Amino acid sequence: MTLADTPSGTPVHDHSAHHGYITDKDKYLNRLKRIEGQARGIHKMVEDEKYCIDILTQISALTSALEAVAVGLLDDHLRHCVVDAARLGGPEADAKITEATQAIARLVR
Amino acid sequence: MTLADTPSGTPVHDHSAHHGYITDKDKYLNRLKRIEGQARGIHKMVEDEKYCIDILTQISALTSALEAVAVGLLDDHLRHCVVDAARLGGPEADAKITEATQAIARLVR
Amino acid sequence: MTLADTPSGTPVHDHSAHHGYITDKDKYLNRLKRIEGQARGIHKMVEDEKYCIDILTQISALTSALEAVAVGLLDDHLRHCVVDAARLGGPEADAKITEATQAIARLVR
Amino acid sequence: MTLADTPSGTPVHDHSAHHGYITDKDKYLNRLKRIEGQARGIHKMVEDEKYCIDILTQISALTSALEAVAVGLLDDHLRHCVVDAARLGGPEADAKITEATQAIARLVR
């Protein structure tokens, strides 16, 4: 059994919830748990041959949920990794921004 | 247990694979099974506090996979529901196209 | 001088406004005229070194306006070319849908 | 004559081309000039009632060109405004990142 099968919001990883670059990690874990459920629901809709347009509506909702998670993680990344690198000075900040811009380009197109 | 927990490509639903509007239903079920795995993997990456940019790369890949499924389902929908309605004549085809256009608008923005 | 330099809504082309596949052609010409103005405005903002975030806001607005035109044209296309081909029967409808789906895929990703 | 030769694009602003936050401002001005030409071309295609799918292809190309400009400007913004604010310290960097994230969210959805 994988974590994907455990109840959402399981406390198993709370010990690590307050370190690392991610602000409010549990918020992301809960949103991603819902996203897994949405993906499972879309699989079920195709299996049951639900009406195509209704399946497309669910895919749009799932895509929006993923984009919201991506923008949130990017915000955390800029706020922590990039700002810290900028404060340390040196070429590190430039490298981190190049990397962030490439990630943004993949999300935008 | 849901089909989501069974091995991908299970024959359980083959009896229905050749009716309904979806061409090659098993292809979609397999792709959506992979998409569920990708969503589970992203949850795991956040849980393990993997590098933010690597998580964003996986989210972009998942979003692209979902968009490909949506475009495929839309193609099936136009090819079957919309064309059939057009052949039957009457206002049905117009209603189906309005509905399809709204779904496309949600996917595009 | 090109039509792009004439006042928006010029009646010059009204004689062609009621044939061809485009419903309410003048509506599209006016929207595309505004879109040209938006593009010109963004060029001016960069030239004047306006605040980057404000330029990005204008680019998002322009992209949304373009997507709305694209979805509208696609709707017209499905409603006319695709439905007509479906009514005529034969392989033509399939070819038109393949073409439409490819256009949708370019708009979605 | 094309609109590209109108007051915008004159050397008037060359003296400012090397200060301000935009790296290689002329590169952006040239790309935006091409973008204006693409918008004008799409207007012409609708006016001439060119084939719908060909118009959609041009709209997709224009949208991609705009997104590339947006990502480039955002990179400049992070590299200069955000990094400078981070180095100065204080709440300014956080405010700039919130603003940048909101701009990214508008580009992504």
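Going by the order they are written in, the chains are A, B, C and D; count residues from 1 in each one.
FYI, a residue touches a chain if its C-beta (ideal position, glycine included) is under 8 Å from a C-beta of that chain, and two chains touch if they have at least 3 such contacts.
What you see is a predicted model; the values in this text were computed from it and never measured.
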| item | value |
| --- | --- |
| B-C compared against A-B, more contacting pairs | A-B |
| Distance from chain D to chain B - Cα centre to Cα centre, in angstrom | 33 |
| Whole-Å gap separating chain B and chain C, where each centre is the average of the chain's CA atoms | 27 |
| Chain centre separation in whole Å, for chain B relative to chain A (CA means) | 20 |
| Per-residue multi-chain contacts in chain C, two or more chains | 67, 70, 74, 100, 107, 109 |
| Category of the chain touch graph - line, ring, star, complete, other | ring |
| Chain B residues touching chain A - in the complex, by the definition given at the top | 2-5, 13, 16, 20-22, 25, 28-29, 32-33, 35-36, 39-40, 42-44, 46-47, 49, 52-53, 55-57, 59-60, 62-63, 66-67, 69-70, 73-74, 76-77, 81, 99-100, 103, 106-107 |
| Residue ranges of chain D in contact with chain A within the complex | 64, 67, 70-71, 74-75, 78-79, 82-83, 86-87, 89, 93-94, 97-98, 100-101, 104-105, 107-109 |
